[in-house]
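Letters are used for the chains, namely A, B, C, D, E and F, taken in the order the chains are written, and counting of residues starts over at 1 for each.
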């Protein structure tokens, strides 16, 4: 299998027939968990991830007393792959969660100031991601499902200082729709939306977060490979271009 | 040893001479730990378990602001068997604790409302179980020692909102004396109070919790074996009958 | 190496040329971490340990409402030896931290009552030790670096009940300069400041904490070896004598 | 269960979600959605939904865990943090560990483990949304996932919950009924021979009431069993009682 | 120790529990109560009670932990959650880990470990009730448990605590004395040759005071040693000083 | 970064610590201080200081972790509890785990791992004091430690941080700039061929701004690279720009 994929890549082809700069078919199912304030299942080809938003009343951080709190967590479910054992998140799951966190946070996609409740009380927004089928390009799929879940999320009603579950006071104050485009470098070529087998063969990936106004809100290089500045420039162009396709889905 | 026990069982006998529906000799030592609010050591044949009750002032749960809190914990001490390693409770110890918890709780054996202290303050009742010699039928022995310890337990005195250790304001408000009878199915026979070796040979056990008024307060099937409804009925009859022998010991 | 060291010891010599009752060269660098309230790096021959003091506002213990709190923690960094794996402190690191804690505490070296802030608020003094190069006699080096860091430490300024970092209101209220001298028994000889290789060969060590007034504030026997009372007496004499050399360095 | 509440669980013969006492919720069963798994299934009872993947039989390491004459079946039950009212910490809690254990007992008896000595069969259960009866919903899915992985079984395992509100027996408890009904019971069985593989009960019931509930459970396990068989045949099916 | 208190530890020459300064509490030693263990003993000093089981010598895995020329002795000290005033979390804390470590040192020197290369001897100590001096009480029990497991020893290890209230030396500290006396010392030894295997001291003492305490400890270890030998002979014994 | 603050990060063309926008802090590089390690280095940028030790190539157990055709490089980044304002718990947090992971990626590409199949090279990073840019400071030290351990490398890895305050590009961010500047970027590279091995960026930048920052980072990595080479030659060096 791996050899077959490698041979194809060497010839500038992919075994699923896509060209290098095409996404797999993307399908999004919203509101998949009724208990969540917002949720979305994203299928990117065979990759499947689910994101859910829960909200709770919390204390603000000392250095931002008027802002809500965002907490992003990611798990690789043992459901998703024969190689994943049950247990706490490993370094890859933690890196994934932290990239998603930075994309949401640095893009200012949520207006956190609107999540102030009263002196000493703000909303905490939990975004929980679970990878259900590990078939490549997890970051892009997770950012997409997180943003979809956030844009759908409703704020629970508060009565007498307590949350009334299953009643809502409005939508989450969302501003931007950032997405990431992860670009793999293979020989001197670039390709997007890699499958799990392609990822095994490729050791240089650049994750680029792009906001609606084409601003770059996050970059993370992954893998042992290296990039020249000129290659980074090419990746940024590609990311800006391809980000529009993903953003339309949110 | 195992073969010997199996042969006996096949002939309707037990190697310790008991018939199938007899308990081993049961001995109870009360008040074995002076620091505990209540405690009891139960010896059921060679099986030995100890239960201790500690009380502390705590916050009530949100959905029961006027009730005390019960917390049951069980440990298999490495003292108890060559097969137990030191460490946090495994799935068997956790299941054991949760069965004991449900028997105490579902039988309404403690009048938790009497453990209300004042707005926002209630008694937390900790029942800690340790298995000291793992020779079979742990659930029945642990329920028995827990109930014995609870029925002996005294409530510490409170002065200026703080607990005064070694002084007491009364007994724990106990109402019922639930016990469990664990019934093993071997071929088409039923037997109670299995030894550790018998338990290795038998893969279907029904733990039945019975209250003073013969009401069933908990059932848990254990092992890979299966039961027909008619067999469950037979077990319930047996449990109700044999529970009286155990209840007399509390 | 080990054989060579052993042969030397048998002849009453040490391969680094020291006699049995001499310390290796000791070097102390103060204030090695600007973020710490106090810090010191101690080099004892090739052994290197670092101590840092951090202070925070905390709640006093119930049984000493007017006293500050001391917390000592020690880590063996994986930097320090090929035999140390990253992870939580093992029994040796925990024993080390607890000995250092007792020397500081039992000698009354800090006037904890002066760390009272106001009803329900006291200073918590954290002493964090990290072993950076594990070349023997860790206890003596760690006690020395802790005391040096404590004697240098400054108390942060408080404004409106909050700590203002990088401003200070005075020095930590230090009273005594306890040190430990660890004495190894080898055959019928005693030696101090053992190297790591010497420690592997010697299985009886007596750690003796000595205060400025020659009072013994802590003793801990280490290793499988044994001591007669008369040998303990000899060790106490030695410890009192050699402690003066270390105390001068604080 | 049995927590005190002002909530009326039964009004005019209708349950809190509008169902009749013996009415199951809308049931959906879907097989084979996880590409990486050897077998998988998703089962939804109303707003309770479980996704289950099976990996194995596969080699088991370290070796001392192997059984020389049979496969080991392992079960891990876990819940999405967003599947419940208050966000759940994803680390396994005591309840999840107990459910994993009794589920292992409930499934092991149905699988021909002796055909795969020295191996392990891993069953991973994941609750996407939780509105009561999660353990039985997950067992229904697990049974389908095992079958779809081609693992030989004596029979499918079907499972449901039953309970009691006042004098009324109810089936397929939703979340509020789980919390506040007087007694409840979780039952799993191999329906063709009436063999019970899981039984847990809490509450205060006479012997007769226990047996009534058991019979009600058996009836409904048989209905669910038929749906499971259909789902396996069609590999896609939405069924229900509404 | 040395915590501030208004409690008077010594009144009219009597200690807080009525004992004379050099009086041991009532001592009970019982051997062989744990059927599953290779050796076991229970020792009670007043309201301090330790139960100890020994397993081994037995194989040690993984192999890299083995010593090619001797057995390894491992010790785990733990306390019942209900053995102290405030319920103790059963997870091992730093104090328990240190006590396990120094106890391992105290016992290893007394056992002929070289007779059992590549094996492990596990000593599990469990404190049932804690009223001071738990580590020495547990060492006394551990020594009996090792002997009753048939493990060859150079000598029994006997242990006791000693301390100082004002100018008075006391032996066998109870809980309040542990917390509030100025200085205390835990000593274990092989009494027949006067070889100290454990020594821990806290407080502020002159060299002379340390030596006085040590001599007092030796005297009492010898008394305890006699009781241990009796207990081993009779396999049941209640002895004491009251 | 990008937290709100009243702090003025730039006044009259000077940064909060007095530096010019493109000025590095005082830099110290010292090699070989840890006797037990196969290689070690300490690097200080102002009040940010990292100590790094390298152990390996050495055998890797358990065996299933080995790669048959190359060495594995492992990185553990950790911080002294006293290296930051509020005492840091020494257990690894999520930030440390991510830094360890990206640092592993940043170094692995520079080492000839294929020369040491089945082994592991362990890189342990320890932050003694933290005033911003800790991950790049640690990478500079790690690269020196690897070289001083005699491990063959394609090139040294040099690293620095760059950022943006208003319209001004800055290099080598201190702690307050790390927290409050609008955008920042961490870059590591093998300077002789301009190959970027680590790149992380946060903020809101146009494509052109990203590229400007990258060029600034490259310039400064080259300066640091020269210092690294000097330090390796002399095994002791204090260099800087002040």
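Just so it is clear, contacts are C-beta pairs under 8 Å (C-beta built on N, C-alpha and C of every residue); 3 or more make two chains touch, one makes a residue touch a chain.
Quick caveat: nothing in here was measured; it's all calculated off a predicted structure.
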Gap in Å, rounded to a whole number, between the CA centres of chain D and chain B: 27
Approximate Å spacing (C-alpha centroids) for the pair chain A, chain C: 48
Rounded Å distance between chain E and chain F, as computed from the means of their C-alpha atoms: 51
Between chain C and chain D, centroid-to-centroid distance (C-alpha), Å: 57
Category of the chain touch graph - line, ring, star, complete, other: ring
Chain ring listed from chain A, with chain D in second place: A, D, B, E, C, F
Residues of chain A defined as touching chain F within the complex: 63-64, 91-92, 94-95, 97-98, 102, 106-108, 203, 206, 211, 214-229, 232-233, 236-237, 240
Interfacial residue positions of chain D with respect to chain A in the complex: 33-37, 40, 47, 49, 51-53, 55, 58, 76, 78, 80-87, 90-92, 122, 124, 126, 128-131
Of all residues in chain A, those that touch chain D in their complex: 32-37, 39, 46, 48, 50, 52-54, 56, 73, 75, 77-82, 86, 88, 126, 128, 130, 132-135, 165
In the complex, chain F residues that touch chain A: 2-5, 94-95, 97-98, 100-102, 105, 108-109, 185, 189-190, 194-207, 210-211, 214-215, 218
